[in-house]
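Shared between the two complexes below is chain A, which pairs with chain B and chain C, respectively.
Coming up: the complex of A and B.
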């Protein structure tokens, strides 16, 4: 995907956009394979350092990266 | 023997003479044939009869058909005797001729190496019986008895009578013939139970084929950099309706997720937290401080007390120790009477080699305190007993120190890279070589000494490096320090003054310090000292001198320990030396300003650096003052501010005054029989003051890992460990380390698993203890708890003041 609006630096946002777009596509296809009536609404990836939240749509993708609250 | 016509004979010399066949005269090896007439032989036989040599062959001779007989000289004793006599004409001819023909043939076919044996047909020999005919006779079957012969015939008259023949059917008469019909005899039929049969399996093979279309992936296009929308396109997308709708729909979901995160910490590991709680409340580990190693040196540390201990900031396992004479109180007062028994040094000790010190720094006088420069661990600043400040540069030995942990034996010389033909360097090399031979650690002479005039009058009691992000000049204003190197020191002494020193640029170690040594061969400098600061010897002056005195100038303070707020360093270990922007010092008498001076206008004036200073004095007072210089409007000279506050809580000299590594405004002061914790800004008094203890406290330090823990050393050799969260009225743990007074405590984090505590005592022994893991690890929320505790105490203090006012 192409980032439209971002608060990170250019290279990072491009990287995130590309990778997460593919992942979202994959997740969506997985969900629909199991049940074709279903669709992906929200994707959350929790890692050691951050939490990445992705809200997909037909044309756009909203990605939020959060640090754990401590 | 195989030749029946050859008869070996022995010819005596007499015979030889008679027949003219003397050996080697008439008959030789080549010419070995001699023909002798038959008549002569017969004659000889008659004359000599039995003694004639021909006697054995007499018969043969008599029967010999020919006239002449051949006698051959047998030099090789082929037939057993020295002559042999040929009995037949044929043989004689053969013997005489074939040698000739053979010789001829040999002459003809000399090139032929093959030996052609002439074909001799087999010679008929009489059969010699070897006993086989007897066997044949035994085996052959012979009739032993003659056979009996019988003849049976009819009567003669019946021969020749007429006969008539008739036919008769044989089957009519039963006994006329005997029939032998074949029948199946069961005894002879063998029932076959098993039969070996060969079977061959042939797979059914069927050939079939298909053709599929194989599409292999081929790069239609390669993208080298990511696609990006131009700004207009971005604008357009941003303002489009679709985006707005999208955001509206998605926004709720995202909010829920974020809220969830706020409520609950998803990264919280319950198991870990559970384990922590248990370990704290469970059984105590047996030893809080485990003895790791102890160091002492017979030459330098015997009968001396250790005044200061510092860990090397970067190299693991290296501690530096300074020792001073054990002085009685009277001697301490009259310092000039003290005689130097031995060259005082600062010793560098390494874990890997507890007996031999790795490095020694030469000092003209006893050192009371010293510090490593945080930005460059090769610079060490120390304060002497006579008030001078010294600087050492050990960059040449850095390699050696780093190697010290890997090889525990021997002391390597790192002067390898400086050996060349220059005289200076050969001297240096010899010096180093001598040093090596005597297995003494290399002695590093100081590279700068402050001028006696301008230094302190009394011993320098405390020395600190100022952090690397600001500098100040003579005017007392702080400026930003662009180069990230610590360049300034602050020292205090009991002559009531606090001095700020600056280190000029050339003193800082650069790579080519060794090259500079090489170049300047004119001046003889001590071999292992970078001569960059040659001109600084004895002319180093402080930048700012601050005099501590109370509002009435009669009472003065003799500071023993100082603590600046901004002493928290972020030590950068990068070695690159950036170009220094030194300040333009406005006054004239400054011999040590160097090369690149840039105008001080370019540097930002830092105003938010706190210039407050805590001072602990000889008499046990804590003074809180400000070292910022302000220009006095009356005299137009820079004068230090007179604002100061003092607190008298301790009865004796302050031994330690230290800021907590976790809280910038919490200070621990230790002196006499009690200690106190202060918070900067709270002017009522200490937020915590301990009760008087039985013994005197002589040294102390905050723990580096746990916010509420500090270590206090006593004069009976015990270490008290105070944990404010557990008990604030008595130490939570104490342990005895040595027999004599503890003089200095210095904790250190060598690695996440190893936390050390260096404790020095009055007998010159340095004990290195290891703090056990569990105790050095802070519990969850310890920081927050301690903070709460301090705040509570502050509130209580205020309340108390209000109440009892």
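Coming up: the complex of A and C.
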């Protein structure tokens, strides 16, 4: 994916865009393989340091990175 | 009578009578030769007769680029290989807007839920095998050096993290001896590793006091000698590993070089410069020359009168304060800022961009500058080691017009057995720890955990320290702010540990060299190598605890 609008710096945005696009495609194909009538609506990845949320669409992806406040 | 020409044989027989002598006399005649006419005749008569092709008329119509600009180099190590993406994208803004309106609610709902969620409290996943204990993997030594009672003065890991090198010399009672010393390297990943036999031993004519491997080329290693010289060895060369040396010129240090560091060169990406630090007060930067020499590129000198004073520091007889520099550490986020520790017991924040010339007496080929900007509150003894923290956060919030940087923290340790944690913005230390009653020779931040550092301690007048028996102290701010999390006993008896280095590539390994001439490679437990989830914020909290 190519970043269109971002609040992070260039290199990080490009990295996130590329990697998460591939992961979203893989997640979507996993969901549809299990049940062809189903489709991916939202993807959340939780890591030690933060949580990454991806809202997918036909042409665009919205990626949000949040520091959970614990 | 003409004299017969010399070189001609005299007539063997009796001389002819005088009248006949005029007729028959010796003489030489030049040989007669006939010049060759063939070659010259041919060339003499050569001329252009006619041309088969019509003469081409050319005229310069246009040039593709009349200004040239360096676009890129194929083999350059460039950090930002990313092109500017905003020029290439053609975006349909209406469909983007409708997409954003569609997903906006869902995303905001999730963000709010997350913020209030307690679902993952205390949930931790173990991806690697937990290693509970710290054990000593190897004890490396060079028996010949140990027989001469040499001590390990410095250790260094190479760029790939598999080779450890140590230098032998003498740290106590050094005089201008021409004692030979050694630099030994061991490759820990090799199968047939013999701890008593180094893979490479380099004989050095003088004691090596500081050692540093090149940060990206795994075979280059630089050493600073007791005589003030610097030498660079290439461990991949079998016959003579020396590739560059400074020699003893008017520019070299007049005191032992205690630390060498490689600096990335701003102009040539893949070349580096060497920086050396010595107790004569000079900090010199060297570049490589063609003939195997190291030439002085720029330099700094610390002179007592030019040290900036802070009004909050105690009264100090500044004129007598020694400014022999013993250690140096560069800041990890601003490559021009560095911290030095001096024999007078205080640490200084300096900058390579300083422009004031130093009041240094001795003339050298390059004018020296005074780099000091800020003096921090002193220890009660010489500082032996400083180390800047490799952890920092990016700029937060540029919105209100002010960019807030995180302060850069650094540690300093010295003969008073204390470790001071300083922030570069204020002169008083944030935390001051009495780690040991003995001298502390070296302190290093851990490269993976922001709250952990290690300190090497040793000799000194120690009456009775019953609880700090070890020689390598590992400190963890998360566990305790007063005493070490773990103390490792390096050598039997009271032999001090002089140097230690973390392995950046294999984050579990820590190498420490001691006065018995052995280097111990410790494998740390996973407590010390895995970063917890909130360590950075804890570090921030610690750093802002004492702020004006």
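As a working rule, the second predicted complex is superposed on the first by the 69 of 70 C-alpha atoms of A that agree within 3 Å, B and C clash if a C-alpha of one lies under 4 Å from a C-alpha of the other, contacts with A are read in each partner's own complex, and residues count from 1 in each chain.
Following the convention adopted for this analysis, a contact is a pair of C-beta atoms (placed from the backbone, for glycine too) under 8 Å apart; a residue touches a chain by one contact, two chains touch by 3 or more.
The model shown is predicted, which means the values in this text are computed figures rather than measured ones.
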Touched partner set for A:18, first chain B, second chain C, both or neither: first
Partner chain(s) touched by A:32 [first = chain B, second = chain C, both, neither]: neither
Partner chain in contact with A:42 - chain B first, chain C second, else both or neither: both
Touching partner for A:62 - first (chain B), second (chain C), both, neither: both
Touching both chain B and chain C, residues of chain A: 2-4, 14, 41-42, 44, 46, 48, 51, 53, 55, 57, 59-60, 62, 64, 66, 68-70
Sites on chain C touched by chain A in the complex: 80, 82, 84-85, 88-89, 91, 95-96, 99-100, 102-103, 106-107, 110-111, 114-115, 117-118, 120-121, 531-534
Partner chain B, residues of chain A touching it in the complex: 2-5, 14, 18, 41-42, 44, 46, 48, 51, 53, 55, 57-60, 62, 64, 66, 68-70
Chain C contact footprint on chain A (complex, rising order): 2-4, 10-11, 14, 41-42, 44, 46, 48-49, 51, 53, 55, 57, 59-60, 62, 64, 66, 68-70
Interfacial residue positions of chain B with respect to chain A in the complex: 226-229, 234, 237-238, 242-243, 246-247, 249-250, 253-254, 257-258, 261-262, 265-267
